[in-house]
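Please read the structure below before turning to the comments.
We call the chains A, B, C, D and E, going by the order they appear; numbering starts again at 1 in every chain.
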Amino acid sequence: QDIVVVAHGQANDPFWSVVKNGVEEAGKDTGVNVDYRSPETFDMVAMAQLIDAAVNQEPDGLVVSIPDADALGPSIERAVAAGIPVISINSGSDVSNELGALLHVGQDERDAGVAAGEKLAEMGGTNAICVNQEVGNVSLDLRCEGFAEGFGGTVTVLPTSNDPTEIQSKVAAALSSDEGIDTIMALGAGTAGEPSVAAAKASGRDIKVATFDLSASFLQSVVDGDAAFAIDQQQFLQGYLAVDFLALNAKYGLMPGGNVPSGPNLITADKAAQVIDLSSKGIR
Amino acid sequence: MNASDGALEDERVKAESFLSRLMRRPELGAIAGVILVVIFFAITADGSMFTLSGFMNFMSPASQLGILAIGAAMLMIGGEFDLSIGSMVAFAGLFFAICAVNWGLPLVVTIPLTFVFAACVGAVNGTIVIRSGLPSFIVTLAFLFILRGLSLVGLKWATGGSTQLRGVREATEGDILTPFFSGDAFPGLFARLAEMGLVETFGNGAPKVPGIPVEILWFVVIAALATYVLLRTPAGNWIFAAGGDTNAASNSGVPVARVKVSLFMLTAACAALVAIITVIDAGSTDARRGFQKEFEAIIAAVIGGCLLTGGYGSAIGAFFGAIIFGMVVIGLTYTNFDQDWFQVFLGAMLLIAVLFNNAIRKRVTGER
Amino acid sequence: MNASDGALEDERVKAESFLSRLMRRPELGAIAGVILVVIFFAITADGSMFTLSGFMNFMSPASQLGILAIGAAMLMIGGEFDLSIGSMVAFAGLFFAICAVNWGLPLVVTIPLTFVFAACVGAVNGTIVIRSGLPSFIVTLAFLFILRGLSLVGLKWATGGSTQLRGVREATEGDILTPFFSGDAFPGLFARLAEMGLVETFGNGAPKVPGIPVEILWFVVIAALATYVLLRTPAGNWIFAAGGDTNAASNSGVPVARVKVSLFMLTAACAALVAIITVIDAGSTDARRGFQKEFEAIIAAVIGGCLLTGGYGSAIGAFFGAIIFGMVVIGLTYTNFDQDWFQVFLGAMLLIAVLFNNAIRKRVTGER
Amino acid sequence: MTDSTFHHGEAATAQAPIVEMRNIEKHFGNIIALAGVSFDVRPGECHCLLGDNGAGKSTFIKTMSGVHKPTKGEILFEGTPMKFDTPRDAMEAGIATVFQDLAMIPLMSVARNFFMGREPTKGRGLFKRFDVDRANEITMTEMRKMGINLRGPDQAVGTLSGGERQTVAIARAVHFGAKVLILDEPTSALGVRQTSNVLATIDKVRNQGIGVVFISHNVRHALAVGDRFTVLNRGKTLGTATRGEISPEELQDLMAGGQEMAQLEGSLGGTV
Amino acid sequence: MTDSTFHHGEAATAQAPIVEMRNIEKHFGNIIALAGVSFDVRPGECHCLLGDNGAGKSTFIKTMSGVHKPTKGEILFEGTPMKFDTPRDAMEAGIATVFQDLAMIPLMSVARNFFMGREPTKGRGLFKRFDVDRANEITMTEMRKMGINLRGPDQAVGTLSGGERQTVAIARAVHFGAKVLILDEPTSALGVRQTSNVLATIDKVRNQGIGVVFISHNVRHALAVGDRFTVLNRGKTLGTATRGEISPEELQDLMAGGQEMAQLEGSLGGTV
């Protein structure tokens, strides 16, 4: 039995590498062949083509993320039409059903952003920057959007590259040019979160830093009190459960009756310590 | 000493096999690479890769890349680069989507408008390069950033804050021009073939291949046209001359500035074509469209034998270069390799393909 | 007709101002760009950009880029490209981290080992380019993918599944070599200066600028060394010759193959240096380190006046090119522009800076 | 040696010049290449431009053919002031030039170089295309006329021998005809047979009423075909002499810039 | 004209050759450039290599100086078989060459081109560095010796005039000395004064016991300095003659490949 996962995040993206680890573990546990695929960059056209390629191989199950229903819709519908059971993960909970997916595992980027924004506003934040290391990547843009909505106060998007040094400098620059900033929302723990913590520390001000996703070093900062929290979607579940469900479906025809929300889960100082170890192994 | 007998029976020329005369052409070098890649995947990949639907599946991204690569190749032959084509895809796509969705214009207006718009940007690029004498690398790099940035700004403006503009499919549905720029050509033919059992079908009887994706047709037509222009028209001669040695070409009376600016316009138009095809097909556009395509287009052109220094190369080479690149990228998903190794294989395949076709060419033509 | 009077009072040479003699040097062209960018930010940016801490803040990424850019510039002058340096940063960083963390080796072993390792990869790159005669663009592109892929595979292997390897700071803390490759130099001096009120302080009396980030010192030293090598040693002459015309250089007795392979090794070593600095500084490494740095390094070199075709350029040019690029990237966050426009401004600033310094140079040296 | 089998009687001094250059100066940055040179060519004459290495001959004819813009000075074409912005302009006005560096593209074939910028076409409208066969044929014929037997018209120019390459450039300029033909050291790399062909061609062309500007370091070649001789030295003109006014030895002295030469006279029969 | 003020008595036919080439063939793909050529140079002689355009002279000397590897044939250097992998190898063995295309880097300065590959240094160990001042000075002096007054040693070679550039290449080869000096059409772009200097230099060098290979299309130059004359035609050798065995007219005929020439004899005094 073969199950193919086509996601919009690359295997070297810290967030998606955890999804991939979940996929692989589920493959091992259920004894099916799994295959994780993604376009080289955030590219919806290429992703649609990858789904088509997967459909051609007629797998026993297909897992997809749906950051752009318009672009991916026809390919997913084609898979459904070809009789391949489809489960959507991560993004696309709103359209999943419509396109014929059996269910959705995960949690919307936007909702996670809203949750984070609300929490930071509750902690007293009024003026925030949202560090976006990949502007134009719709799933990241949605995180910022959701954050702005939940936060309510002033939110400036700070576009950066993937380079930690540059991110640290830019955050430092933003902090020193606007004394009012009291909150930093980073969209990736390893790339943006850690340098943001460093910049915040160097500024000598009291700044709340939060991030999407987890990285061991960031969690350590949460434990040490240098950062507020990290948002965990438990994306391992997205990969693991989707494959597990499809494997069971192929074997016994079983399928849960509704969507499975995998998050959001805010990791604050009390929970962080126990998560560090799992995070450095790529499970959380 | 029968020099006057003419070149036909010159004792200073060895007889040459048909094969080596063929291999001497830059465009045919890349064929060796294609063959190698096909053999590799025939062995390692799932059998469905080389079914009709598998073929269409890898040809479709290869074609989109290839259209850009042919533009890039012609510009490279003319001695310049355009790093802004990837951003141009996003920008032209946005322009097209705004025309079609926000303003509700019909395609007969939108499509020419998009081409004109793109060509103007290309002309600006070209004019700055010619006037300033700066390397096109740095000028078009600036436009890489500018156009990408403007796409983001424009998207937010057009959608009221989102970076994704949707609804293009609805807006273009039913337009008489739509079938020329999206979907599959000859659906009737393929349905008939499926009925006759000549094309595989899904369980429900629908043909696995509903037709030939239009981008493949565009790709083939553009490759043929570009080859014709390069090899059989005065303009082609000027392009080679301008790229080979700008000074010498200009001293010999080639209107170098005009040639180069036209090439920039052409490249931008190729990007616009890809933008139109992908935006209609996807039904939406976002700020990341075409990201790094400039890079891939140059890669394909170089695999196909274009020199970065200009003056040498071919459109057919870029054609095969794009196919090699597209086949490797998609083909690896048909194999059982772990995705973690994807980039390693991609790099290794590219290197092996170019080394192989280089070795073959040297072998056959008896170069040192 | 006093030809024998020598060149000193040749009636065929116009007197030339000191300024124009200065501007004739490729390295000094980029200074005009720096000045323009400084003026621009002096007007538009928050005042804190040009405080000492603001200066260190933008010089730090500029230095890391600059170290790569100088390597890339020397290679470009030698007529070749290395697109794999960005991936090399990730790969060398991984190698370094594995040695330091997983194997627990001291830095005196780890650092030389990392350099040797990187230089070997560079030598492989160079040897393939020289032996095959393929363009270095395509060969190093393959290594861009291969090294990036291997970094991912290696990381997962070293961490048991994660894409981030941490614990480098703990592993290197207290090593005698650490201060040379991370943190800030001259902390004592700056603390003293802060006491004297010459350096801004935080509320608690700690200096806002704890010292000069070591990468800035490396950057300056490497720029000086590279300039010395290029202008004042036989090797420098060979590099210019190899890049200017490979055939002519080889015919004149320049050991072109040796020169080029050495340059590939040097570039890789520069990447390794950046990797070591950033990995110790960040305390961790991940699979995306150095992403697209090859591109930025080439940009900086071209802004600094290097020709893509080889044989012309300078290390000081690359030095200023990196500063321009770094200053624009970081500086825009000090301004009040809507950050959605970031890329538009970045592109526009780059274009204006190069156009300006081009115009100034032509003006001053009286070229057409 | 002041007479030749070539010479067609009196130089056409009476006719109005086709091109007249007045007080041309050309500076490159701080380098003064031309410091005021006047010169003209009349129909049907061969005007030789002579001078030491680096005297400014090539720079001068490049301003004439639109490659350089003069820093100062005036160019009159058939009596009216003219500004050539590009070599193409000059070419269209009727100035054909063989540059010293030949202006050829090494990677392109002989035939394509031959017709570069002026390709023969066949077909019409959209189907108008480069007539490759005719181009190949003409190239081979013209080259054979000059005494070069090419192996084939599709050999890359970069792989031709020095003389073969120079012949392509000359044959190209002659083939397309013009009102003025400028030849910058056209015989420098040519074999004896090819040289005599080129000199004969100059004579033929001149008889058709075309003005020829001929640059050479070979006194004997200059005297064989020249009607007038202008000598440049260090960016200035030393004056113009007509044929017969000047002996080979005097001319050679002028060309050397008046400086002494190594003792070779004995072996070289007067002129180098 | 068979005598010259130059000639230093008998050619050194007795001595063993420095370089001996036996039955050299060279093919480029399907093009046969050399179809078996034998040739040798002895110490203290000037051996002229003559022939029509495209005869294969440059290709031949390029195999001698390590640029091309012969397809077939043997190279003996001082009696032992040798294989030059790179021009650097040949140079180190003692073969200095002035190529027809000069092998210079246009963007680099005159002085840097002059010393390219053999830079003078000062200082020691880590401080060993390119001695720019000495390089500049030597360059200016050597160029002046050849009759060229450069404006400065830092002018880019690409902006020199054709003859100035050629002089740099010749001065460079002569300056570094060697056992064999190969000159491929060294005088083609030179003025009369520079030409006579180069011919005088060849004579001087030969008297120092160096073997000179001299390629030229100018019969008079060849006869002025040559001891032996080998004529190539269409990739084959037509034989070797020693000085005095052959008249200028015969030699010119051989160089033209035996084909007829345009009627110029009258005006050019026998040879072109």
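The rule is short, and it goes like this: a contact is a pair of C-beta atoms (placed from the backbone, for glycine too) under 8 Å apart; a residue touches a chain by one contact, two chains touch by 3 or more.
This structure is a prediction, so every number in the text was calculated from the model and none was measured.
Shared contact partners of chain A and chain C comprise B.
The chains that touch both chain A and chain D are B, C. Set against one another, B-D and C-D show the most C-beta pairs in contact at B-D. Taken over every residue number at the interface, the positions common to chain D and chain E amount to over half, indicating a same-residue contact. Chain B and chain E have Cα centroids lying 49 Å from one another.
Look at where the CA atoms of chain A average out and do the same for chain E: the two points lie 71 Å apart.
Centre to centre, using the average C-alpha position, chain D and chain E are separated by 27 Å.
Centre-to-centre separation of chain A and chain B, using mean CA positions: 33 Å.
Contact of a single residue of chain B with at least two other chains is seen at positions 3, 12-13, 148, 152, 340, 342. In chain A, the positions touching at least two other chains are 11, 135. Counting partner chains per residue, chain E has residues 31, 101, 149, 151, 257, 259 touching two or more of them.
Chain pairs that touch one another, listed by label: A-B, A-C, B-C, B-D, B-E, C-D, C-E, D-E.
Of all residues in chain C, only 3-4, 6-7, 10, 12-13, 228, 231-234, 236-238, 240-241, 244-245, 247-255, 311-312 touch chain E in the complex they form.
Touching chain A in their complex are the following residues of chain C: 45-46, 48-49, 53-54, 57-58, 60-61, 64, 148, 151-152, 156, 159-164, 166, 202-204, 206, 208, 278, 281-284, 286-293, 329-331, 333-335, 339-340, 342-343.
Interface residues of chain D, counted against chain E in their complex, comprise 1, 3-6, 28, 31, 51-59, 100-101, 147-149, 151, 155, 159-164, 167, 185, 188-197, 199-200, 217-221, 223-224, 252, 255-257, 259, 261-264, 266-269, 271-272.
Taken in their complex, chain C has these residues touching chain D: 1, 3, 11-16, 20, 24, 365-368. Those residues of chain A that touch chain C in the shared complex are 11-14, 17, 21, 135, 156-159, 161-166, 169-170, 172-174, 176-178, 190-191, 194-195, 204, 215-217, 279-283.
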